[in-house]
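Should a chain be cited, it is by its letter among A, B, C and D, assigned in written order, with residues numbered from 1 in that chain.
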Amino acid sequence: MVDKTLKTCEEAVAGVFDGATILLGGFGDPGLPGQILEALRLQGARDLTIVHNGAGGGTHALGGLIHDGKVRKLIASFPANPGNQSFQEKYLKGEVELEIVPQGTLAERIRAAGAGLGGFFTPTGAGTELGAGKESRMINGREMIFEHALHADFAFVRAYRGDRLGNLNYRMAMRNFNVPMCTAAKFVVAEVDELVPVGGIDPEDVHTPGIFVDHVVEVVRHPEYLKITTEGR
Amino acid sequence: MSLTREGIAYRVAQELPEGSYVNLGIGIPTLVSGFIPPGREIFFHSENGILGMGPLAEPGHEDADLINAGKQYVTLLPGASLFDHPTSFSMIRGGHIDYAVLGALEVSASGDLANWRTPGEKVPGVGGAMDLAFGVRNVIVTMTHLTNKGKPKILNRCTLPLTAPRCVKYIFTDMAMIEVTSQGLLLREFAPGLDPPIVQSHTEPPLHIVSGCREMDVPAKFHRAPAAQATR
Amino acid sequence: MVDKTLKTCEEAVAGVFDGATILLGGFGDPGLPGQILEALRLQGARDLTIVHNGAGGGTHALGGLIHDGKVRKLIASFPANPGNQSFQEKYLKGEVELEIVPQGTLAERIRAAGAGLGGFFTPTGAGTELGAGKESRMINGREMIFEHALHADFAFVRAYRGDRLGNLNYRMAMRNFNVPMCTAAKFVVAEVDELVPVGGIDPEDVHTPGIFVDHVVEVVRHPEYLKITTEGR
Amino acid sequence: MSLTREGIAYRVAQELPEGSYVNLGIGIPTLVSGFIPPGREIFFHSENGILGMGPLAEPGHEDADLINAGKQYVTLLPGASLFDHPTSFSMIRGGHIDYAVLGALEVSASGDLANWRTPGEKVPGVGGAMDLAFGVRNVIVTMTHLTNKGKPKILNRCTLPLTAPRCVKYIFTDMAMIEVTSQGLLLREFAPGLDPPIVQSHTEPPLHIVSGCREMDVPAKFHRAPAAQATR
């Protein structure tokens, strides 16, 4: 019997090696794998390249990973939030490299990797600082720039429900980057609120089919997020 | 006299037609949703995968999994839909969103927009700003007409890094409503108590005053005395 | 109040002009807008370019449109089914032009158009007859060819449920080409089994958000398909 | 002796490991799902947006909205999922499908596959064949070893238009199981009653006989007498 479930987040991150590239899911808290991130922080791998929309907040989760000096490079669209002290300090000291990618381009580059495409032409960024130096051409009367597919070694996401086959279901705004990220890495683990029996997710409601997922681990949400959730912010 | 931030948002809200799909940026744009005329059906989009957003969630009624692109807890209206980032940015880049209402640091006479890198800012962050500026059919800029040092933000040429060239269609400020066309900037409306020459004196490129150029129709509670303006 | 519903399929096709390019949804019967197709056949527009996975069967629906000489060009992945007499006859007489596109490339070209991309590099077809003459380059050690976005004037699809805002829900294997096709045309109409009140489709279950859809029309399924369905084939 | 079509399918079915994601083409490949050893969990994919397909629907129990890529009414197993074409072909082209079992007209010594244009065919049609051949990690070909005119289908070089170059990993025929490697074709198994020299005599490129090359383990009911073979 196929069983992709793991018992702990430690198992989820055990294979992460120095220098690995990691797709980190979530936009804000929804979809962010907070417990896997904490396990990754303890696991010890260094020189990581993290692909994530932002730069994490405070000193927990991604903020913690950066704070501990585990991150060599961040590929992000919006690392500029005032709450991102850990990143900002390291960045300004030159200890973390930054690649800024427009949010839609970031999502599409990840999707392209998962879809087996080499890259695509997009208008976003043409004629700007972020498009400078990139291959460009006119397509249908519009200047477009070439963007490469963005592959990774690992993807870590959070979903709402999962089963032993790796099928995932998200609720509300949890899908965000997680759907493409699950397709674009060699090793994919989802932490979920609830592990359900096979068939517990209706075939119409599977947002990430199990084919894209290596492992599923059921965990309670990171207390930092529960706190945030109930207190608002 | 000029408009308060709410006044700018109020004026923009009147402009959005029934049935339009709209993305609101952070800052003044966020206020726009509060001033949509009753009964007018507008669909608000959020980059992180929501169409049909309702008001912010009431305290104590937040859903931990439902935030907007500004990380605020929001609600859904009946008929809303949820989706992933690639789909969300297909809506934006594919030209399906009718209006993006964005803040701006500078706008040029030809509609170039600069709103992603502030001067002196240490850590850059673009978010979805470029995708919106490049992809949305009607980019509406809302901003104060002047910087907090009193300098014009509407310039012959942007000095800050561009978000997108030639993308802005309309500029709504506390002083004026200006349309960007291939023939130049058209002054369509001015704030109550101002007049076209005053607006021009605070605007670097020449303004073409349209026939029918008029005072903005914005309720008095959103007007601001010049003194208040000066202190901002 | 926004109301995208139409009363008849005639209204759905009223604007179709000679020489228009039409994305025709469905893979086999699931998702095929059979009643809109019949209305299109009666509407009279000629010299149409039809984008569809196959070439239709028999002399109804797409087969009928081709049979009546309304189609100038077919862009398809698999028009070779033995049942496609109408197409085969016209094609062999040189009366219909054919562009063969691998099925995955066809879906992706349509998606690219809807997503505002100019095109993409894919390995599929490189070094084959279908890749010949196309721009190619090595990406990550693999030869890839450039494929353009495929835009259209109209898209016609079938969904299961729809509402007055244009939100669509599909069941089972109906999503197929319909999801990308709704995003890639200037004018999009869906025929649906059931028109439901706004809110009748859960936000999690909307497969095609209303932003992509201009009109929805509730119709009973084409009798030819009901027959096929109950009799099997 | 050689194998029936069912025999080829039976042999392939034994090869698919627990938990693998598999796309089956039309013809002999379709038969493979019927021979998966009991208790072995395999996930069958269909190009039109299904993962986790079960057997064909019983007559009278068809669901009008649920067909496979061959337009047959099918069923879903628990844990199945449904999706659109872009997602389905992301699975294929993105290398997520473990095995594609495809029919073939010709296979070359270097693993080139020709299966989309039959000689003399008037209307071409490629369907998902190229995406599968280019995208799937392990492409398994199932076919009769010889054309119906008795000519080898395994050739030094394909004569028909290619579906994809250098994509085939394993060839299962009524006579043999052959692995395609960068060192050439490895004969791993031969049909009951045959031997390596006989297989070689029906194969254009040289076969390297692996140590441990053995007779196929396929039940007797799937064996076919030479006479029957000759008439095919």
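Following the convention adopted for this analysis, a contact is a pair of C-beta atoms (placed from the backbone, for glycine too) under 8 Å apart; a residue touches a chain by one contact, two chains touch by 3 or more.
Every value quoted in this text rests on a predicted model; they were computed, and no experiment measured them.
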Report task. State the pair with the higher C-beta contact count; candidates are A-D and C-D. Result -> C-D
Query raised in the report: In whole angstrom, what separates the CA-based centres of chain B and chain C?
Result: 37
Query raised in the report: How many Å are there between the centre of chain C and the centre of chain D, using C-alpha atoms for each centre?
Result: 30
Query raised in the report: Hey, how far is the Cα centre of chain A from the one of chain C, in Å?
Result: 33
Query raised in the report: Which parts of chain B, given as residue numbers and ranges, touch two or more other chains?
Result: 82-83, 86, 89, 92-93, 135
Query raised in the report: If you look at chain A, which of its residues touch at least two other chains?
Result: 108, 111, 115-117, 122-123, 171-172, 204
Query - Chain pairs in mutual contact under the definition given at the outset - result: A-B, A-C, A-D, B-C, C-D
Report task. Give every residue of chain A touching chain B within the complex, in rising order. Result -> 27-31, 54-55, 76-81, 84, 87-88, 91-92, 98, 100-105, 107-108, 111, 122-130, 160, 171-180, 207, 221, 225-226, 229, 232-233
Query raised in the report: In their complex, what parts of chain A are in touch with chain C?
Result: 108, 112, 115-123, 137, 139-140, 142, 144, 148-149, 171-172, 204-205
Report summary line: As the complex stands, chain B meets chain A at residues 46-50, 59, 62-67, 69, 71, 73, 82-86, 88-89, 92-93, 117, 121-131, 134-135, 161-165
Query - List of chain D residues in touch with chain A within their complex - result: 18-19, 21, 39, 41, 43, 45, 51-52, 76, 78-83, 86-87, 89-97, 135
Report task. Going by the contact rule at the top, pick out the chain C residues touching chain B in the complex. Result -> 1-2, 111, 113-117, 163, 165, 167, 183, 198-199, 203-204, 206, 209-212
